[in-house]
Amino acid sequence: MAYVQDFTWTSGITVGELVKHFGAIGYQSVELARAKETIVKMKRASSKIFLTFTSNMVTTGLRGFFAQLIKLGMADVIVTTAGAIEEDIMKAMGERFPIGTFSMDDVELHERGDNRVGNLIITNESYCRLEEQLLPMLNKVYAKQQRLTVSELLRELGLQLHDEKSILYQAAKNDVPIFCPGITDGALGFHLFMYQQKHDDFVIDVVKDFKRIVLVTSHDDIKGVIALGGGISKHHAILACLLNGGARYAVYMTTARSTSGSMSGATTNEAKSWGKVQDESDIATVIGDVAITFPIAMIAALEELKQEGLLNGKIPAA
Amino acid sequence: MAYVQDFTWTSGITVGELVKHFGAIGYQSVELARAKETIVKMKRASSKIFLTFTSNMVTTGLRGFFAQLIKLGMADVIVTTAGAIEEDIMKAMGERFPIGTFSMDDVELHERGDNRVGNLIITNESYCRLEEQLLPMLNKVYAKQQRLTVSELLRELGLQLHDEKSILYQAAKNDVPIFCPGITDGALGFHLFMYQQKHDDFVIDVVKDFKRIVLVTSHDDIKGVIALGGGISKHHAILACLLNGGARYAVYMTTARSTSGSMSGATTNEAKSWGKVQDESDIATVIGDVAITFPIAMIAALEELKQEGLLNGKIPAA
Amino acid sequence: MAYVQDFTWTSGITVGELVKHFGAIGYQSVELARAKETIVKMKRASSKIFLTFTSNMVTTGLRGFFAQLIKLGMADVIVTTAGAIEEDIMKAMGERFPIGTFSMDDVELHERGDNRVGNLIITNESYCRLEEQLLPMLNKVYAKQQRLTVSELLRELGLQLHDEKSILYQAAKNDVPIFCPGITDGALGFHLFMYQQKHDDFVIDVVKDFKRIVLVTSHDDIKGVIALGGGISKHHAILACLLNGGARYAVYMTTARSTSGSMSGATTNEAKSWGKVQDESDIATVIGDVAITFPIAMIAALEELKQEGLLNGKIPAA
Amino acid sequence: MAYVQDFTWTSGITVGELVKHFGAIGYQSVELARAKETIVKMKRASSKIFLTFTSNMVTTGLRGFFAQLIKLGMADVIVTTAGAIEEDIMKAMGERFPIGTFSMDDVELHERGDNRVGNLIITNESYCRLEEQLLPMLNKVYAKQQRLTVSELLRELGLQLHDEKSILYQAAKNDVPIFCPGITDGALGFHLFMYQQKHDDFVIDVVKDFKRIVLVTSHDDIKGVIALGGGISKHHAILACLLNGGARYAVYMTTARSTSGSMSGATTNEAKSWGKVQDESDIATVIGDVAITFPIAMIAALEELKQEGLLNGKIPAA
């Protein structure tokens, strides 16, 4: 049996060391340490890893971390939303997102063309420049193929970006498919619609992409899910796993609660009833802001996996 | 200036009367009374009303209420998710959903083929029978049209149901379009993919449906949004409004919090910075379980609108 | 087995009828219906009922409802906080609390002497007038007794108020003890300290009051707890029950979550491990704002109890 | 203007370095970095620091960290609850608290005498042994003084413990007063009551302790508050500051939300309206589990303060 251990600070403590202590502190720190452990096991078992995140996480500085994780071999399948795609492209083109506060005056912000996402800002200018950039990019895609799946589209867009910190770029370069089942739900949807107005044979085939996400892993693959936040991204990944026998490992990180029956707030425990994760699976649900909990758990996992030689490519050192 | 008023019970008090008191109790009861007021104003102004809800709400008994609201003229556009569509069809075919508890043993549930959604259950049998029923329905749709938008598909499916309490049926009958930007994210996605395997020219055109949701209202229409829960449904409705100048009225009901920058937890206030709702708009954000807050606010609104003769059709009396 | 039932509105529906439907809607509406049922059973079994609430609920219009519940015989023991006592007295003296919004400018509010509690306001004037009124009241108490328990003090204060809607007044009149284990934590604490400066033998004996709350019910009494919100009030009531064998019935209503191990967020389930509620007990935990959930559940319970003749005194009719 | 910066991992990253990145990631990670900064400023300004925490945090391994912080000079006044005192004493006497899960069977736990606090356990044996130990300790206290304040009592108890990781011990040794305005709300309350049964002149004077907390800082002192969780501990500390002109610095860490008007969920912003913190104050509210957010923010602050030579005593190095 494990027991609570009194924690004390030692100067210069690393994130990896702190997470070891977390396992014996209590409440969500224990769950976070379990999440780290589950990620390590997932990788050791050569699982196919589904990494899902919502648009608002790409608004943050986690975007570069997601790109790095793809490069390190920590994600085999990405599932995300239209907003995430848009913002990754914006940033690849040099757009910068100001940091504000949660209590800014929203009418004032609107008047000066600033759109608030929590305590972050996306300016109208960033959206305008996205529009200008997308047209030539879509032209190139269309020239090659007129009916294509979402994941094919995103790969073609990724190949046109040249930013090491871009999720689309790293995914395209490392052959990691990005699924986005709600591709039209964003500015991107609007631009695709405008494009289709001029090119009626331009078709995004979402049904065919469903086939691809089902076939991207097999029943025999060991599957792991790291679901950051909720929504369609989380659900789509666990649905794809479910159709192939369920995930063996699952880490959910969210602020949503389970008391209103939402899928976003559903725990890894509830997932067992669905066969979304297997009964004997290693699972962890961490309640808290992903902008804090995810880097900590993942950094601690990376430190261990590095020791075991399980990461791809060159490891960045301080 | 309004002041807090001490509430006392009188025997036989109606929901409508209670909500009047709510306006002077405090915290979320005040917001709920404001939500009622906003819905009433929305309807008085002949707004085009976007009603959005997540799948887990169709799992509940709110499903019949949503169907009734369409009939009463309280929704001009519906936006929802794949799961909501599936469960509406299941129920139209007679499937029944057991009520359990939040703390049931999930491994046991899985063993007997029960899938938990909070404290409700959907059985594997219900999913199996859905599969059987969908094939002939899709055959009929395909016979008429091979490339169609999601909203066209859902209308065709709705016309084949014969259940007064079905959302799809009432929407089809009352010419209310249902948008589902993430149509493949559910069992439905799997059935569409299987169908496409045999019929390669069967294409669901999501991009064209984006055009439709943009054109379903105009810049000149007064627009109102009632967003229950978050996710892609909420975002898609406010995006459609935004592209047409923003909503004048907005009611958000959710358990999500705004502190992690999620769109699900974003308040009607944050929406102002985006022009998602107009600056002078009437807005209300109610924090709480929609299974409680929505029927109460909406019933109180219906009682007032009935007095004013603003509801369609025959009004049900006790 | 119970099944989800589609809800539809009928004009003029009462709160009591709606709560019947709630039992078959889902998620927290089911829990709310269970809370109603637990309250009804609690009263039918002639339980000693502990009602606990936090200060911020007395800020709202629930204050009059709490007073009414004491009068109707729905509370045998009250546990609350210093702020609740202060605000009940302020209101008994005619102070009025303005309704604002959650997003008011807090610096502006401070400049004009307004103190914000969520979307409600307490003015500095109200605090000043409390000070003036308390001194003569404490003089009367001191003249009778110099060393007294908190519950004795609160009874003496209640006897000096003449407001049917006052919690202290109704409690004193109906011999319902009010416990306040953190009596000094508020403006009241400051006034008691100032009083003691002049009267060193004025002692508030909190330890002796603990004896009283332990003895106010016996091991043989059937005990019920209705805990609104968390904090010291909730904990103190369940501790008192625990020392007498645990409560048979328990209803917790809160917005706090259980994921951080807080007592405020602890569910009625966790209480079983402590023997705070008995294993076979009837229990319900409702997640949501008490300003909405409590009046609804309690009104529905009152309607049933009235039918059964289990309420004290004259029943108010519309 | 600050902008979001893409974060990438470098091997061996320390907690201090990560928190620097947090300031440019987004949402609560930005608030956490601000909390670190506020703590650093608080100390640089030689503020009197009020540190408050709830009982469930002493159940965790944070207990040793709190004791260490007292030793390092990071707390001048402690405010906490009865449960916190009990558990600190239990641990000082060698009791160990098992780590479990949030979904353990609570009836089974009760049968084997295990009491659940989130995912931690306190055994009945630990409570029994506390009882045995407290009697001789109270005898020593009573022999010296019969009427005493809570903070005097806690100092006397602390002097009898000999555990470097005990909060009471370090506080007594370093002349840091511990206030506990709800001292009877716990097993401790029961033992005090039993003691008073035999010694009627044994009086705990809570009113006099209020005087002490008001006088422990002056109007001229710069005051800082670090409030972990909510409840009476948080409120009491900010009330004491308010009576002396308000705090200049305030860090709130909590999972409670502000939408129901609870003091526990009230933000540092709301505190401005009360003058609880001054208008120009440096403030931060971090939403998340304190078992994660507090060690991270505080470790990062300690690393900086160590560089500046602002910590007391010997600094522990790895």
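By letter and in written order, the chains are A, B, C and D; residue numbering begins at 1 in each of them.
Just so we're on the same page, contacts are C-beta pairs under 8 Å (C-beta built on N, C-alpha and C of every residue); 3 or more make two chains touch, one makes a residue touch a chain.
Quick caveat, the model's predicted, so the values are computed rather than measured.
Visitor: Using the contact definition stated above, find the chains touching both chain A and chain B.
Guide: In this structure, the chains that contact chain B and also chain A are C, D.
Visitor: Fit chain A to chain D on CA atoms, both being copies of the same sequence, and give the resulting rotation angle in degrees, nearest 5.
Guide: Best-fit rotation on C-alpha atoms: 180 degrees.
Visitor: So chain A and chain C: same face meeting same face, with over half the numbers shared, or different?
Guide: Same residues, largely: of all residue numbers at this interface, over half are found in both copies.
Visitor: Roughly how far is chain A from chain D, centre to centre by C-alpha average, rounded to an integer in Å?
Guide: Chain centres of chain A and chain D, defined by C-alpha means, are spaced 36 Å apart.
Visitor: Please tell me the distance, in whole Å, between the geometric centres of chain B and chain D computed from their C-alpha atoms.
Guide: Here chain B and chain D have centroids separated by 44 Å.
Visitor: Give, as an integer number of Å, the spacing between the C-alpha centres of chain D and chain C.
Guide: Centre-to-centre distance between chain C and chain D: 27 Å.
Visitor: For chain D, which residues are shared contacts with two or more other chains?
Guide: In chain D, 26-28, 56, 59-60, 103, 118-120, 257, 259-261, 269, 287, 289, 291 touch at least two other chains.
Visitor: How about chain D: which of its residues touch chain C in the complex?
Guide: It is residues 54-56, 59-60, 81, 83, 102, 104, 106-107, 109-110, 114-120, 147, 181-186, 189-190, 192-193, 196-197, 202-211, 214, 229-232, 235-236, 239, 243, 255-266, 269-275, 279, 289-291 of chain D that touch chain C.
Visitor: Mind pulling up the chain A residues that touch chain D in the complex?
Guide: 1-18, 21-22, 24-32, 56, 59-65, 67-68, 91, 96-99, 103, 118-120, 165, 269, 287-289, 291-293, 295-296, 298-299, 302-303, 306, 315-318
Visitor: Along chain A, where are the residues that touch chain C in the complex?
Guide: 26-28, 103, 257, 259-261, 287
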